[in-house]
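Two complexes come next, and they have one chain in common, chain A, joined by chain B in the first and chain C in the second.
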Partner chain A sequence: MAYDAPMEAATPVAELRSVSKSFGSVMAARDLNLAIGQGEFLSFLGPSGCGKTTALRMLAGFETPTEGEVRIAGDVVNDQPSFQRPVNMVFQSYALFPHLTVAQNIAYGLQQKRPRPGRADIKARVAEALETVRLEGFQDRRIWEMSGGQQQRVALARAIVNRPRLLLLDEPLAALDRKLRKEMQIELQDLQRSLGITFVLVTHDQEEALSLSDRICVMRNGEIVQIGSPQELYDRPATRYVADFVGTSNFFEGRIASKDGARARLGLEGGQVLSGSCGPGLNVGDRACMSLRPERILLRSEAGDAGHPVTVQNRIFLGEHTEYLVTSETLGQVIVFAPRQTEQEGLGYNKGDTAWITWRDDAARILLSEQ
Partner chain B sequence: MRIYAACVYLFLYTPIAIIALFSFNAGRHASQLQGFSVQWYGRALNNPFVMEALENSLVVAFTSATLASIIGTMAAVGLHSVRGPVRAVFDAIIYIAIMIPGIVIGIATLIALVTVFDVINPWIAAIWPRVEAAPQFSMGRGSIIAAHTMFTMALVVVIVRARLSSIEGALMEASADLYAPPWATFRRITLPLIAPAIFAGFLLAFTFSFDDFIIAFFVAGSETTLPIYIFSSIRRGVTPEINAIGTMVMVVSLVLLIVAQLILRSSDRKKSRK
Partner chain C sequence: MTRRERNWLLLAPAAAWFFIMLILPLSFVFVFSFGERGDAGGYVAAFTLEQYANLPARFAAFKNTLILAPLGTAAAMLIAYPLAYQLAVRTDPKWRLILLVLVIVPFWTSILIRSYAWIYILGGQGIPRLLESIGIDDVRLIYTPFAVLIGIVYGYLPLMVFPIYVALDRLDKRLLEASADLGARPMTTFFRITLPNSIPGIATGCMLVFILLMGEFLIPALLGGGKVFFVGNALVDLFLQSRNWAFGSAVAMTLIVVMLVTVTLYMRLIARLNTQRDSDVSLM
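Our next item is the complex of A and B:
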């Protein structure tokens, strides 16, 4: 399967090299550098207005970079109009042609392609695409006779029928309700694996990015903050921003007290010293913070060796886990996720209880504080 | 308040109702009813002068509406891709063109055409091999068509523009994304989506041209269109025949206007059903 191929093949399917884009005085994208490998599922993740759509539109050919190079299959395509690029896009609004039937919508790209495939070939490929998105029998329907989820499938079929080098998806699932979105996420992933097409997805839903992508490109204010696999981003975020945006985290502010290779010690305001792993770019004396994922904290009824005493402030039962809000004199407010298993051991805590929190050393990550 | 409203409607529609009523008058006087008859319709349709005027009117209306639809659509599509102050200026010019009174357009067109003809005609005569056979521009069907095209084009531009701006911009991008060069996108996406608006614009332009008296009166030269015929006949007194012609013109215009409205409405509804 193409999916198993190495990520960084000889020539990337698409590349951004020092790409910037400004609209008047607004810098929508700043010095983007990125190589997308064959068969990869890459996501752009970031809050609204961070430039995700702009990056995607430069790959599609709807925007021309102000600076830098966009390459597809090794060729610089800055000046190539979108109709000449071997790239297809699924629009957030679907952008299905209202005056054409489902089948005509799907056949559109093949009919415009040069050299144009034969009639019988087009028909067969449209039928195949309909089958892929499980819409057999809907070919003669009008677009406005289809539900939101069905329209989304048509939009997907209209793009994949062309077998593009690169499929761009701009928040394709944002308009669907939660349940349908989950289903479509699974379908998207299956589709990507079975077709072997390179997918680039734009989303501001971190869960979606984490569950679907091979790699995630986290953006902020037009810049790429970090690129990595979901687990890398989650376990070894480069900055506090990434740790905050990808998943939930507790942050303890302080200054770097000492540093030894990939480990550092952070001195908190109250004089307490915490240690954890750290990335490059940190020096002794820098303002930094420690990021600690709530599910990696253990809540215990006795102190143990390195426990921090806390008072339980609030308890929220969330089904598969219970969320505790506790306060510590040295650390301030801390969120702890206790999985069901610990609950069952009869260790449920109530508001006002005193307890101790501990964590394994490798759970703590020391990061540069920004702003 | 209700009485007041009723009076307004009465005031608006009584004259029209009377014309329609008297067109079915069996007697020959326009002032007293003498039983029901459709003879005046027959008379009107057999009157060679009426038929000639009708033919003129139809040719003028059809030609000018066709030209206005084509030119107006091109202008609307062109304007749609222009942004900023240039677009605002052109929009303003289009709206002003619609609001200018017909009499001003009539006089202005007349003066413009006469001036142009005065320059061109001697010039053509000079280069033509045989002077006496040289074609000469003069007022006639052509000048009415030109004047009507100019005016009704503005109507088409406004209607088509409204439709264009209601089309989602992502559709054009989707088409380009699916390998369609700009011309193919226009032919396969834009044109089908604005077709109802173009047709509605055509019908409005046709109706306007068919009904117009003021502009045509100035630039018709020796030609007679139906409204001009009615006007000149009235000077000889209102006959039931004139009432019959007026009623027919009114019915045709109303039908066309209603059809235009229905087309615009139904294409909007289909779109919003999504």
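Our next item is the complex of A and C:
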């Protein structure tokens, strides 16, 4: 994978250079290359076992890479134990100290600094951190007296009070219910912007990664598949895996029939030919697929130009949009998201209706099939 | 049958057991302690405080017990903690079970036989002889308080290892990572995170060992050789040798009271340690 330049600033806050990690015969991470810029919000996204947590733990200093270099602020830190790194972590289940109060948990990191800050200084900074996470007045509470969401805030406060160069978050919102998770996502983003600390988040929740991150690093089987902004990943996924993992998509399998620069034509098995944009690395004759996002497809009652006839199989009303499952003889099953406006105009369809689907040329993306 | 009746029925066997095997005999001991010794031994009914007035005659036994039992408990704790820590925190889980079994293997042999082994090790043919061969003469180990201490620590070590092991095993290891992540050196992590969270295990282990040591008589009898004796030895002597049941009962009652007092004080201390705020900070 090509070395990815940071978004801004000369020296990246953290870098992985050709980093691999194996546990016995298991390769948990393979040849990771990544530079994280100052003030960036970067997410590692992938299913469990994809190596994202291993990557994070190597940044934290809990795991030593088998090969390659981990750099923080330009220095190689492979052999630096976690207690010496200017990095703090928010653990998945928070790992708050049960025998200490909220304030004592937050003060813990400050008390380890050498020279040790004065008592009044620590007290002031703990109070400030409590205010930042909106937990004023909770300083003397015990951890088990706090709700899940409050514990999450204590964990955040305990990390940010140390003003780390890098804040690592390991699935920090996984234990919260949906509504609280949404709230915390917004708070995390506000916090990151106001503090200017670089955040590195690990998540398996694509929605979370898309809404929070400046850049997302999609991982699979210990390797980085693609790094890019949420919109880049969504609109120009490098592989079928990325298109499938980030958002929802329809895939039509076939072989590349012709290629002209950034455009290609894909021959389906039934003989139909579809065209779309494509990235580098595709050649005529390759097995490939076309990815088509459901919300980019238009469902119409007339054929028009280049419409594909379909039969409506199912209609699911989802509030902000309606999801249709339609079948086409040439394309197979297709999912279409219809926005509310079209529904309101009386353009709704029912099961068994015949309709036509069309899409703009730039909605279709041709990708290498990988299995 | 009501729920209440059913509860009583379920409790009945245990209640009967405790009444017959504990309350009743204890009541006899209590009554006997105010009686007198018969001419041919045994017990003659009376009401006198003479037996309690005689207690100073057995002062040495109380002194030995009250010095060696806490000392033995403390020594066992200091030896058991690093062992339990190693097993629970550092050892690869696949070896843990085997190593834990090794801790209890000595229990498969009678304490009597194991104590005889110590008589040999500490006696003239054992360590003193080894020391002699390197020029250190006249070392006496057997039949000293030290021999008794070694014996009780050896005998009760597993009872200390297990509760501490359980406490450390239950300790969420991510807390240790969190501590390191916040900049704490390994020593700091140990004293501020690991140790405070294992206090319940230490407390249980100490309690178990201490209570059993207070009633110990076999190890002092064998390794103390009649020179270092516990209250337990005094009781055996009074009931079985001199057949002075009244005085024996007074000694037994005194031991029970001493134990109740020390254990209560100890539990108060532990409860305070558990609720006390981390001593390193008193914030806000």
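To be clear about the criterion, the second predicted complex is superposed on the first by the 365 of 371 C-alpha atoms of A that agree within 3 Å, B and C clash if a C-alpha of one lies under 4 Å from a C-alpha of the other, contacts with A are read in each partner's own complex, and residues count from 1 in each chain.
Keep in mind that, in the parts below, contacts are C-beta pairs under 8 Å (C-beta built on N, C-alpha and C of every residue); 3 or more make two chains touch, one makes a residue touch a chain.
Note that the structure is predicted; figures quoted are calculated from it, not measured.
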{"item": "Chain A as common anchor, with chain B and chain C clashing or fitting", "value": "clash"}
{"item": "First (chain B), second (chain C), both or neither touched by A:Trp144", "value": "first"}
{"item": "Touched partner set for A:Gln185, first chain B, second chain C, both or neither", "value": "neither"}
{"item": "Chain touching more of chain A, residue-wise (chain B, chain C)", "value": "C"}
{"item": "Touching partner for A:Lys123 - first (chain B), second (chain C), both, neither", "value": "second"}
{"item": "Which of chain B and chain C A:Ala60 touches, first, second, both or neither", "value": "both"}
{"item": "Touching partner for A:Thr198 - first (chain B), second (chain C), both, neither", "value": "neither"}
{"item": "Partner chain in contact with A:Ala103 - chain B first, chain C second, else both or neither", "value": "second"}
{"item": "Residues of chain A that lie at the interface with chain B and also at the interface with chain C", "value": "60-62, 81-84, 87-89, 91, 93, 95-99, 108-109, 112-113, 158, 162"}
{"item": "List of chain A residues in touch with chain C within their complex", "value": "60-62, 81-84, 87-89, 91, 93, 95-101, 103-104, 107-109, 111-113, 122-123, 126-127, 139-140, 158, 162"}
{"item": "Touching residues (chain side chain C, partner chain A) in the complex", "value": "172, 174-175, 177-186, 188, 192-193, 196-197, 277-278, 280-281, 283-284"}
{"item": "Sites on chain A touched by chain B in the complex", "value": "60-62, 81-84, 87-89, 91, 93, 95-99, 108-109, 112-114, 143-144, 158, 162"}
{"item": "Chain A-touching residues of chain B, taken from the complex the two chains share", "value": "168, 170-171, 173-181, 184, 188-189, 192-193, 270-271, 273-274"}
